[in-house]
Structure formats: structure tokens, C-alpha cells
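Look for subunit A in each of the two complexes below; its partner is subunit B in the first and subunit C in the second.
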Partner chain A sequence: MTNQLFTLIIFYVLAAIAVMGGVTVILSRRPMRCAVGLLATLLSLAGVYVLMHAHLVAILQILVYAGGITVLFGFAIMFLRQGGPQRYRGPFMPVWVISLFTAGYLVYLVLPVIRAAEAVKETVPPDYGTIQLMGKVLLSAQLVPFEAVAILLLMTMVGVIALARRPRKEAAS
Partner chain B sequence: MITLSHCLVLSAVLFFTGMTGFLLRRNMLVSLMCIELMMNGAFVALVSYNRFNPLTQDGQVMTLIGIVIAAAEAAVGLAIAVNLYKFTGEVRTDRASEMKG
Partner chain C sequence: MTLTTFIALSPILIIAAGAVAMIFVDALLQKSGKTAGSLFRSIHTKGEPPVDEISYASSIDRALVSATILGAAAIVSAVLWFGGQLGGVIEIGGALQVDKLALFGFMLCALGGSLASLMSSHHLYEIKADEGQFHPVLMLATCGAMLLCASSSFIMFFLALETMSLGAYILTGMRRASPRSTEGAMKYFLMGAFASAILLYGLALLYGETGVSSFEAMGKGLAGAGAKPLVMLGGVLVLVGLAFKVSAVPFHMWTPDAYQGAPTPATSFMAAVVKTAAFVVMLRFLSVVLTGGILAGPPFGWASVLAVLAVLTMFWGNMAALKQKNIKRMLAFSSIAHAGYILIGVVTMHKAGEAAMAGVLYYLFAYLAANAGAFAIVCSAVKGGSEATDIDDYRGFGRRHPLLGAAMGIFLLSMLGMPPLAGFFGKLYIFASAVEHGLWLLAVLGMIASVVSAYYYIGVIVVMFMRESEEGKPVAVPVRSGQIIAAILVALILVLQLGLYPTPWLR
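Let's turn to the complex of A and B:
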């Protein structure tokens, strides 16, 4: 019982860090602080995945998201001159309209979920979420999406090279 | 103990945080970060549904593939941001209001 309470406390702490990181992303004027807030969110979500016994997903969250995507964002932020903290110019709708809409829709969606708190099946198979089982699944039952993602990565690489190269002489003139 | 509701509330809050930021912010890099937030909310939902039906691995596999897709999307988005910076000198999305090459 104390173990479950401890798990719940860890979950609340991780969730609070994740939500605070998300709020930092959308409120901070400096893009680098946004990137650090995103990093906090991603790392604490990796902790949530560990609590969910999804160990391989947690590892890849740290490796790919926190290690790759955040570095890419930081590189882009430092590469492109941002001109300091930006003055807030109005969006296409007032801020409070958007915030009220999203907050109201969130409450509308979340309230039934809170009311229907269901009991947990605490029994997970002992190899649930391990790298061994996930590797077996990825290479047998889920082979088609796995290979499709490989093709997608190749297409992305070609596309990014085509986007980022200098235009040819005759195309430029 | 953690119930499915806890995870779904966390997922929804993350998703709507990202959605609010995507509607509010005009910096293209921050918009991309908000897309990442929304995808992470969806991943939390997938992993937690899989946790409470532990006889299959489908949610986790979908999350892994989604993480790879998010990486690809971030790379393409940042390349587009670099191009936008070349054309307009800024990375604000409201400066990209015309699609002429």
C-alpha cells in the first residue's frame, strides 16, 4: 500500500513538472527558455513511461526526443537570429478567446474521465515493455510499420537535403 | 495507485497546452515545439491505454513509431524554418502569408 502511494506521489511530481514545462513553452518570450521547458516535459514524461512499465519507450523518449529533437531545436534557435525577446503582437483572435475555448473544451473532455476512475489491473506480464519483447513484436507482428518508418526516414533525409541546399545557379537567376 | 484517469488527464492537459500555444504563438520554432507537446500528450494516452490492457504491445509500438515520425517532422520543420528565415529574415509565421517560391 505504501508502495502504491509512493508511486502515486512520483506520478504527481512528474506530471506537475511536465505541465509546468508545457506552460513554460507557451508562455516564455525567449525561444531558448521554451526549448528548456520542452526538455523538462520530455524528461518527466520518460519517468511517467517508466511508471507505466514501458521501459523501451522511456529510453527512446530520452534518446530521440530529449537527446535529438531538443538539440535540433536549440541549434535552430541559436542559428536563426531571433532579435531578442519578442514584443507580443496580437494573434488572429484575442488571447482570452483562445485560452477560454481551449480550457473549456479541456474541462468538458476531462470531467467524465475523472468521474469514471476505474480500478487498475495491477498484473502485468513480467516481460511487459522490455526490449526483448518489444524487439520480437517489432520484427514479427508489426514489421510493416517498422519498415515503413525506415522508408519515411529516408524520404525525410532526402527532403531535408533538398530543402536546405543552395538553389542552383540557373534556378537562382 | 495510478488509474487510467490520471494518465488521461495528464495527456489531455498536455495536448491542450500545446494546442493553446500553437494558436497563440507566432514564432515558428515555438509552434513546432507546441506540436511536439501535442504529440507527447497523445503518446501518454497510447502508453497508458496499453498499460491497462497489457496483453498486447500495440500502444507502445505505435508510440515508438510516433517518436520516429516526430523526429522526422522536427527535421523537416526546422529546414522549412531556415528557408523562411532566408526569405524573410525572421521566423514568424505571419510573415509567411504567401506561398510564392
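Let's turn to the complex of A and C:
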């Protein structure tokens, strides 16, 4: 019982951090703060994954998102930044209206789903979400997709080389 | 891996192995400064800045090699499809399912890729977009499209979709010197990433309801579940993702910019291969997973959703195409409109089943041939060293080059749906099947939309044959390239053959 209570407390702490990070990303007008807010969200989500026995996903989350992507964001922001923070100048009002409408509609759609959700009754097997189990599944049940990832990776590598090279002037334009 | 599995997957394997081999051989050849086939270097270009012989020749060779590999895969798939040697359905690792539908998709995708490669020969050199990366990416993206046609589990579905889409984003941005290309690629990539995320969310919800990832098992699970909010939401989100890929209104915003900015062969690839594969997987998903009566039929099933999308797409696409001055942009809107007609066929499927599916596939084939042909001609036409994309550049094009003009006319009339060309029968099957199953309103709206489209298709023909070019303005001149001619010929033969003698394909 205390164990469960403890888990619950940790979950709420992590969830609060995640939400605060998300709000920072949306509301802050300084790109660097947005990036840090994103980092906070991603790290606390990794914590939630651990609570849900998904260790591999948690590690991947930290390595790929928190480690790789946020650093990339940081670099991009620092390279691109010229002068102070810039305000978004655009058709602000209509965007707000449309966003609110869409968000409201989504809530309208999602609410019944949440209401109808039942408490999870099944317990997961002890090795659920571990790296060993993931490895076994990848090389047995999901072998074909696992192999097919090779195509995706090779294509992306070639494509990145093509897109990152210095552009040559076109003949006549 | 048994022999049957191997044979069933052979089209994909041919292309994947070919792409890998091309990457390696090309790297070695570039290092030693040679080109693959000096045999094929008879192509002649006029009035250009000094030609960098080696890079030009290797550009041509690459196009030919990749077109040959893709064409071989198309032929193998066609043989498998016609012959039926595989004997029904082949399951591969619970992730792929090679059946008639998949084999037909293989054939269309490989054919579309092959035509795009053929027409790329001169064009890529001209826009300086070819340093040996274009064709491998094109081939691997085609592999992704083919895997998508055969995918029968959610994981494979998403993976193949991403392979295909990432390839399309990369190809769109390959024209590095043109800001338009970068803009198109950026828009396509950002919106595509959102669409993929939305689709994945939908898949996750459906997985949450049933707890299985294979299409079959999920279909059974959902049939028992009925119209739960969770299932409805998941289904809608997946439909949104797929509607984005086929560029149905209102998920079409990326299409004109991406089509216009991309190198023309890549545009042809997007219009033909990406759309075909997305429609094939849509057919499979709707017919296997969301089969339950409540999930499919009116008032809340996918049929109603797609019917609304179909009407919006047809009219919006055709109306917007009327105003276009750029031929690639016009063809982009026309491809949106075609997605609308095809969606009518998909909607009919909830009543007609297999029969409607055949109509959709036939339409896709006809659309692919006519579209690839039209893009090949756009590819071939240059104006003072750069590509001719304004419709006004084509003033008098048909008089100066009657054969090419006539071919373009045939492609456009086929897209319009003029008998006895391929497009006519495509529309006939789709509309007739809709009427037969009581969806006459959709069919009538489709016909009205087709009449609207006559204005801009015939407008181009009028410009080509009846307008004189203005004095002193550079006019569009076709490049003398055997490969582009070959692409045009293949497309022409298909358009005529599908129209005049469609029987072998109607099974």
C-alpha cells in the first residue's frame, strides 16, 4: 500500500513537471526557454515510462529525445539567433479562433473516451518492457519490420547527404 | 524463408538490392572518374553552356539503370499478378500479406518509379540535382511504397508509410539551388510529420481497444466492439493521416507547393507512386480493419466521412486548377481532384466490396499512366536552358512539335475522361458502380466536377495548338532524349491500351 502511494506521488510530481514544461514551450517567447521546457517534459515522461515498467522506452527517450533532439534544438537556436527574441507577426486572431475551435472539438471527442475508460485489471508479466523481451520480440514476431527498417535508414542516410551538400547553381536560372 | 516467400517479395528485393548496388558502384565509378555505360551516350543537347561530359553522362546512365531495375520489378510483379503462380495469399512473418491487391500495387508503384526515373535523365542534370543520390532514394522510397501495399500489421504499415513519405520529402527538396524546392519540401515535411503523428495516435487507440497489431485480428476485435468512442476516434485519426497522403481536401495544403517546387520526376513520383500506395493501403485498412456495419456505413461510419471528403476534394481541386498559370501547379490541383474521384470508388466499397476495389485500382492505373506521361512531357520541354513550366511557354508547342503535342493532348484528354482513353473507363467504372449501389448523388457530383475540369485540360491543348508564341519570347523546346521519349511512349501505350482493350486488366 505504501509502495503504491509512493508510486502515485512520484507519478503526480512527474506529470506536473511535464505539464509545466509543455506550458513553457507554448507560452515562452524565448526559444531557449522553450527548448529547456521541452527537455523538462521529455525527461519527466521518461520517468513516467519507468513507472510503467517500460525501461527500454525510458532509456530511448532520454538518449534520443532529451540527449539528441534537444541538443540539436539548442544548436539550431544558437546558430540562427540574430538579435533579440522576435514576436510572431501574422494573422493572430483567426489562428487563435481556429485553434480554440479545433482544441474544443478534440476535447469533445476525447472526453467520452476518458469517461468510458475502465480501470486496468490485468497485471503485466515481470519481464514486461525489459530490454531482453524487446530484443526477443524484435527478432521473432516483428522480424520483418525490423529488417525493413534497414531500407528506411539507408534511404535517410543517402537523402541527408543529398540535402546537406552545398547547392550548385542551376545552369540558366 | 521459403521459395514462395522469396518469389512473392522478389519485386521489392530486386529494387532494394539494385539500389544498394547502385550506391556502391556509383561511388567507385565517381572515384575513378568513369561512367557506367558509355554505350548509351548518344543523347545530344543543344545550345547549352559547356557540358561537363562525365557528370552529364553519368546522370543519364544512372537514370537508365534505375529505370531498368524498377521496370524489371514492375514486370516481375505483373507476371506474378497475371499468372497467379503464387496461389492466393502469402503471409510473411505476420507483417506482410502478398495477395492480388498487393501485387497490383507492386506493379503500379514500380512502374511509376520506373517512369519517373526515365524522365529524370536530362532534367536532373539540367537542374544540377544529381550527384548520385536521387535514384537510390527514389528506388528505396518505391520499396517503402510497395511494402505499404502489402503491409498487414500496424507496425509494418507505419514503418512502410514513413519510408515512403521520408523518401518523398527528400526528393522534393533535392533541387538545392531553388528556394521553391526547399519551401515545398519544408511544408511537405512539417505537415507530413503531423499527419504521421495523428495517424500513429489513431493506430495506438485502435491497438489499445483490441490489444493486437495485425489487421485481421484487429478487424475481428473491432467487429465485436461496435461503435465505441475510442474506436471511432482512432478510426477518424487514421483516416486523417491517410487523407493527407492522398492529398484530399482539406488536407491538401502541401500539394501545390510541393508539386511545383520538386524536381519534375519527383513530382511524378509523388503523384503516381505515393498516391497509389496510400490508396491501396486505405482499401486494405478499410476492408479488413473497419469492416463492422456501424464503423463502415452511414451515418457515422467511414463511408460518410469519405463521401464528404470526396465531394470537397473534387470541387476544390478542379476550381483551384482553373486559375493556375503554372503547369506543374495545375497538374497538382488536378491530382487533388483525381483523389476525389477515387474516393468515390472507396466509398462505394462499403456496399460493393471487391467490385468497387477493382474500379479504384483500374482508375489508379489509368491515372498513373496519363499523369506520368504529362509530367514526362513537362520534363522534356525546356525554355532557354531552364525548364518550361508556365502554361504560356507552351504556346504553339503542339504546332511546332506535333507528335509531342498530340501525346500531351492524349494524356490530358485521358485525365479528363474522354472515350476511348484509359481515364474514361476509370471514371465509368467508378461512377457506374456508385450509381449501381444507390450513391447516385456522388456520381452526379463527380460528373459535374469532371465537366469543370474540361476547361483547364482543354485550355492547355488550346494553348498548345491554337495560340501563337509571342514575338521575342523564348519558347518551350523539347530536349532530344531517348529516355524521355521512351517514358512518353510507355505511358502512351498504357493509356491507349487500357482504354481500347481493358479486358486483361479487369479481373
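Here is the rule we use: the second predicted complex is superposed on the first by the 148 of 173 C-alpha atoms of A that agree within 3 Å, B and C clash if a C-alpha of one lies under 4 Å from a C-alpha of the other, contacts with A are read in each partner's own complex, and residues count from 1 in each chain.
As a convention for this text, a contact is a pair of C-beta atoms (placed from the backbone, for glycine too) under 8 Å apart; a residue touches a chain by one contact, two chains touch by 3 or more.
Computed from a predicted model, the values in this text were never measured in an experiment.
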- Of the partners subunit B and subunit C, which touch A:Ala66 in the superposed model: first, second, both, neither? neither
- Identify the partner contact of A:Leu143: answer first if only subunit B is touched, second if only subunit C is, both if each is, neither if none is. second
- Can A:Ala35 be said to touch subunit B (first), subunit C (second), both, or neither? first
- Task: Considering only the touch criterion stated at the top, classify A:Arg165 as touching first (subunit B), second (subunit C), both, or neither.
- Result: second
- Across subunit A, the partner (subunit B or subunit C) reaching more residues is B
- Task: Considering only the touch criterion stated at the top, classify A:Tyr128 as touching first (subunit B), second (subunit C), both, or neither.
- Result: first
- Message: Looking at A:Leu43 after the superposition, I want to know if it touches subunit B, subunit C, both of them or none. Which is it: first, second, both, neither?
- Response: neither
- For A:Ile151, decide between first (touching subunit B), second (touching subunit C), both and neither. second
- In the superposed arrangement, which partner chain does A:Leu109 touch: subunit B (first), subunit C (second), both, or neither? both
- Message: For A:Ala54, using the defined touch cut-off, is the partner it touches subunit B, subunit C, both, or neither? Pick first, second, both or neither.
- Response: first
- Mind sorting out which residues of subunit A both subunit B and subunit C touch, each in its own complex? 109-110, 113, 116-117, 142, 145, 149, 152, 156, 159, 163
- Message: Residue numbers of subunit B touching subunit A in their complex, please.
- Response: 1-10, 12-14, 16-21, 23-27, 29-30, 32-34, 36-37, 40, 43-44, 47-48, 50-52, 54-55, 57-58, 60-61, 63-65, 67-72, 74-76, 78-83, 85, 90-91, 94
- Message: Using the touch definition from the top, list the residues of subunit A that touch subunit C in their complex.
- Response: 109-110, 112-113, 116-117, 141-145, 148-149, 151-152, 154-156, 158-159, 161-163, 165-173
- Item | subunit A contact footprint on subunit C (complex, rising order) | 16, 19-20, 23, 48-49, 92-96, 126-128, 131, 133-134, 136-137, 140-141, 143-144, 147, 153, 155-156, 159-160, 162-163, 166-167, 170, 173-174, 176-178, 205, 228-230, 233, 236, 384-386
- Counting only contacts in the complex, subunit A reaches subunit B at residues 4, 7-8, 11, 15, 18-19, 22-23, 25-26, 31, 34-35, 38, 41-42, 45, 48-49, 51-54, 56-57, 60-61, 64-65, 68-69, 72-73, 75-77, 79-80, 82-83, 86, 89, 91, 93, 95, 98-99, 102-103, 105-106, 109-110, 113-114, 116-125, 128-129, 133-134, 137-138, 142, 145-146, 149, 152-153, 156, 159-160, 163-164
